[in-house]
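Each in structure tokens, the structures are laid out below.
Two complexes come next, and they have one chain in common, chain A, joined by chain B in the first and chain C in the second.
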Partner chain A sequence: MDAFLAALTLRAGYNAALVAIGAGLLGFAAGLVGNFLFLRKRSLVGDAIAHATLPGVALAFLVMVALGGDGRNLAGLLAGSAATAGIGLLAVDWIARRTRLTEDAAIGAVLSAFFGFGVVLMTVIQTLPRGRQAGLESFLLGSTAGMLYLDALIIAGGGALCVSLALLLRRPMTMVSFDPGYAQSRGIDLRAIDLAMMGLVMAVTVVGLKLVGLVLIVALLIIPPAAARFWTDRSERMLWIAGAIGAASGYVGAALSASAPDLPTGPVIVLLCFALFCVSLLLAPERGLLATALRRRAYARALARRDGLLALASRRNLSQTARRVLLADGLIGANGAATPSGVREAALAARDERRWELARTLRDADPAIAAHDGVSPVEKALTADMIAEIDRRLAEG
Partner chain B sequence: MTATATAREGVFASDPDSRPGPLVVSGLTVSYGRAPALIGVDLAIAPGSMTAIVGPNGAGKSTLLKAVIGVAPVVAGDIRVFGETLARVRDRVAYVPQRASVDWDFPARVIDVVTMGLYRELGPFGFVRRRHREAAMAHLDRVGMADFAQRQIGQLSGGQQQRVFLARALAQKADLYLLDEPLAGVDAATERAVVAVLHGLRAEGACIVAVHHDLATLRDYFDHVALINRRLVAQGPTAETLTAENLQRTYGGLLAGTQIGRIEIAYAARER
Partner chain C sequence: MLDEIFSPQFVQLSLPPILIGALAAIACALPGNFLVLRRQALIGDAISHVVLPGIVVAFLLTGRVSTWPMMIGATVAALVAAILIEAIRRVGRMEPGAAMGVVFTALFAFGVLLLEQSGSRNVHLDVEHALYGNLESLIWLDANGWGSLFDARALAGLPPELPRLAIVAALIATATALFWRPLAISTFDESYAQSIGLPTRLIAFALVAAAAVAAVAAFEAVGSIIVIAMFVCPPAAARLMTDRLGAQVAWSLLFAVISAVAGYVIAGYGPLWFGLPDAVSAAGMIATISGVILAAACLWGPRRLGAGSAA
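Let's turn to the complex of A and B:
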């Protein structure tokens, strides 16, 4: 516990601090980039890219060993992973564009072929005299153990670069995600933006390879935006929330892993991320399950209130629920008679109900009329010109 | 109007006395891979006109608009917008795609969508400032949607969504508006509001080209019409072009003779 707190507050040594900051930046970048991937509905492309890094790592190791190095240089391994990930990405893009196959089929084919090739190469490396100590397995699930200062610097710098690029391209990427046809009509190059987006995914994947591992890096791209979607209905807020969720998981996860070196870092980060997802799913005020349940209750109450007000206006008997609600709102007194505000509200509700009734008789009417929830006043659901028309017809009788 | 009538011969495009037309299409062939979607289409849109693109399903109406904005794969032909290639006058052309072409559950409010129309002013990197928001509100007001600015777009009805798309196009302050089925599946009030805005734009000197599917309202809304079915069948002022013969040639067996007859009777009755 003390070790964890020390790591969390950046007092566990210079390297560990740099790793934690790097993981935070990486998580932030993954959240931002993943957000656009999520909005573009192409989250799984990230998985293909991640799996396509494995042969690159293995090939880079073999090449470095053949050239007389020890093969464990992180920059070299990452460069190799970026090379095959890029080839995989272009392969997916090419198959989806040039053949009649859909993108998910292209992803499945590329992902398994590249990963299979990577596993074969890894097996070959295991048989080499130097292979066993190479520690390439850590690229599968991630690890902070034995990370050098330079490695941490690469992760922190790469993460920061991805963050800046994602923020710089946020508007064209958002426009392309919402309405590609319109974005193109404004002169945005769809292919260039899509490739830039995938390039960013590739960069995040490569930077996160050592820390999170290629099997789980895709989770860091998908879970933060999925969690952020519960919190807001606005894409620019979603962007920051996704970034924050990713950053928190990365930072805390790396600290946890540094204090318990046997734990693989990737799963720790991803589990933390998933925990934040669960919290969002349950408690987020916009689309969370709790908020949805509360809204249903509020709606039931509003229906009862409306029913009661209409009963007051037409001097019908109040149902028991309606009586309780009206009493609580001070619209009727204890004797069941309407208070002055109750009289006013009842008149308003009655007028609104007449407007809705007339609205439903209109030909070619706005579907918003048929979809009326039975509670909202016309002003909240219909446009002013339509209300004017309704009132004109009401006046005509 | 002689200019429009002779456009098929290309005179309009090259007439040195007239300013370049808003949109001149010559020999346009578009193909997505198999059978071409458009074949050798010549089209000249008159300045300050409001033109309906009319034809059966799959006739290439949407494709024509997409070719103009540079999205559809053009195999052959030439497209001139205000006498230039599109790239040079892109900001003078506003495109309104079909409403169903986007996912309305996208996390955006009404005002956010309209703000996208300010892309030229904002640029790829700029921040949205108060004056941008005020401009977006003014355009929303013009389509009667100012009260809905903060609403999530998924909560809108189809007609309201169409108005938001129109407001986004207005934000561009274009000279040529290309609208893909702006009146398809909208309520009567929205239809009136959209047509009023389009007529207002025409009065301000803009040129409107819209894919339209309702033959019954064609004469009321549009002063020009282009009938297409992969090829151009006829184009010109609505009153002269919308004949039973031309409709029959456009729709072939798809439009029963009785239906054309009914439309003709309706028009004749109105003119009397």
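Let's turn to the complex of A and C:
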């Protein structure tokens, strides 16, 4: 616990602090970029890009060894991963546009074929005298153990770069994600923005390779926006919430993993992210399950109260639920007779109901009337002079 | 090369993995045809990730690496994932791809964490094994030549994965043949299928269930990477060869078998031809070959542009 708190407050060593900051920045950038992917319904393209990095990592290692280096230079490995990820991305794009195959088939094909080729190269590396210590497996699931100062610096710097690029491209990407047709009419090149978006996905993937690993990095692109969706419908807010969820899981996950020896970084970050998703799904005030259930209950109660008041006004028998609600609100006494406030409320409800009925027969095409939920008073839907008109007609009988 | 094939070592060391690889490829490619047509190609990807936590939990409960508990664990995990995906999709009103991405990454992460925490790494259960499988280790020591194929005592020593995958592949092939017409109709024109009274939801569910069975059986023998590749690459390549469903399925089976056989042979013998001492990963090579076949089909397949525009 102490180790975790130390890591969380950046006191667990310089490298660990850099890595935690880098992971937070990376999570933030992934949340932003993932949000646009999510809205474009292209979340899983990130998975193809991520798996396509493996052959690049292995090839970069082989090239660096062939040139006489020790092959473990992180910058070199990441450059290699970016190269094959780019090829994979172009392959997905090409297959989906130039053949009859759909994008999901293109994603699955590129993902498996590139990853398979990467595995072949990994077994080649393992047969090399220096290959066994290469530690390239850490790129599968992410690992921050024993990270060099320079590596930590690359991750922190890369995370910062991803965030600034995402912020820079925020406006056109928002426009393209929400309304491609409108964006095009404003002179935005859809293809260019789409490619820029994918380039950002690639940048996030490459930076996240050492931290989260290529199998799971796609989670950081998908889960934060999926969670943010429960909090709001507004685009700007959803963007920041997704970024915040990604940042929190990256930062806390890296700290948690640094504080315990057998907590692999990638899975910890992803599971934290998923935990935030579950919290959002259950508790978010806008569209969370709890809020929805409460709203539904409140509506059912309002409906029963209204029914009960109308029954009081026309001296019909009260239903079980209506009786309970009216009793709780002090509108009827224990004997079932209306209290003075009950009489008043019942009269108001009856008048409102008559107004609604007439409004419906007079203006049945009005959407404000068609959308009536059976509970709201007529004042909410119609203007004062419309109501006055209705009352005049009601008085005429 | 011919001498190789007639040597007892070939039957001992190479024949079982080649057969197992081919059977796994067939079992996955068959349902893959319909998944690709239904734009559900990534279901194989999701299932093969989700299988990991199921296997780890089964291991933790039984304490042993044994087949049946793990198969059951994997199936339960696939079922849980399917329910979670559907629930998240409905509650969050989001597209299926995103819901799938949330569920399979979270479950896979859970599986990895469990694996690392439980120390089950020491008993030959690790993430790399789950990804690449271990095709090369499925050997038949009781064989001493092609004659052993007719020797009951030697046959008893076959790797158990071989008969198991043969049964699964046969079951899936039979089911595909039996339900061919309803499957085809509901895949190409769902509203028409509904109008003539076909249970389209049941068919969709049965297809995913068949895919899950194929994935779980193949995963245990050959690892998830072949499973993902075989669900997508051979059917996708076959789709670029023909407009007829029957021909497409035939092409896909051909491509799947070619990938499995050529992939294994190239992985095992290819490095020797280049003067390298050691074989490379057969699973990786099989996936690579299937990708090469798809690339060729994308470039030269007669129906690569779709029905209307092809010459």
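Everything below uses one rule, namely that the second predicted complex is superposed on the first by the 310 of 397 C-alpha atoms of A that agree within 3 Å, B and C clash if a C-alpha of one lies under 4 Å from a C-alpha of the other, contacts with A are read in each partner's own complex, and residues count from 1 in each chain.
In the analysis below, a contact is a pair of C-beta atoms (placed from the backbone, for glycine too) under 8 Å apart; a residue touches a chain by one contact, two chains touch by 3 or more.
Nothing here was measured: the structure is a model prediction, and the numbers come from that model.
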Check whether A:99 is in contact with chain B, with chain C, with both or with neither, and answer first, second, both or neither. second
First, second, both or neither for A:229, with chain B first and chain C second: both
Which partner does A:179 reach: the first (chain B), the second (chain C), both, or neither? first
Would you check which partner chain A:362 touches, where first means chain B only, second means chain C only, and both and neither mean what they say? first
Applying the document's definition of touch, where does A:201 land relative to chain B and chain C: first, second, both, or neither? neither
If you count the residues of chain A that each partner touches, which comes out higher, chain B or chain C? C
Should A:389 be classified as contacting the first partner (chain B), the second (chain C), both, or neither? first
For A:371 in the superposed arrangement: first (chain B), second (chain C), both or neither? first
Which of chain B and chain C A:266 touches, first, second, both or neither: second
Contacts of chain A common to chain B and chain C in the A-superposed view 41, 229
Help me check something: in the complex, which residues belonging to chain A touch chain B? 39, 41, 168-169, 171-172, 175, 177-179, 181-182, 184-188, 229, 232-236, 238, 362-368, 371, 379, 383-386, 389
Which stretch or stretches of chain B touch chain A in the complex? 66, 69-71, 87, 90-91, 93-95, 97, 101-103, 106-109, 112-113, 116, 119-120, 122-126, 144-145, 147-148, 152, 154, 156-160, 163, 168, 187-193
Show me the residue ranges of chain C that touch chain A in the complex, using the header's touch definition. 36, 39-42, 44-45, 49, 88, 91-92, 94-95, 97-102, 105-106, 108-110, 112-113, 116-117, 127-128, 131-132, 225-226, 228-229, 231-233, 235-236, 239-240, 267, 271, 276-281, 283-288, 290-292, 294-295, 298, 301, 303-306
How about chain A: which of its residues touch chain C in the complex? 38, 41-44, 47, 94-95, 98-102, 104-105, 107-120, 122-124, 127, 137, 140-141, 215-216, 218-219, 222-223, 225-226, 229-230, 262-264, 266-268, 270-271, 273-274, 277, 281, 287, 289
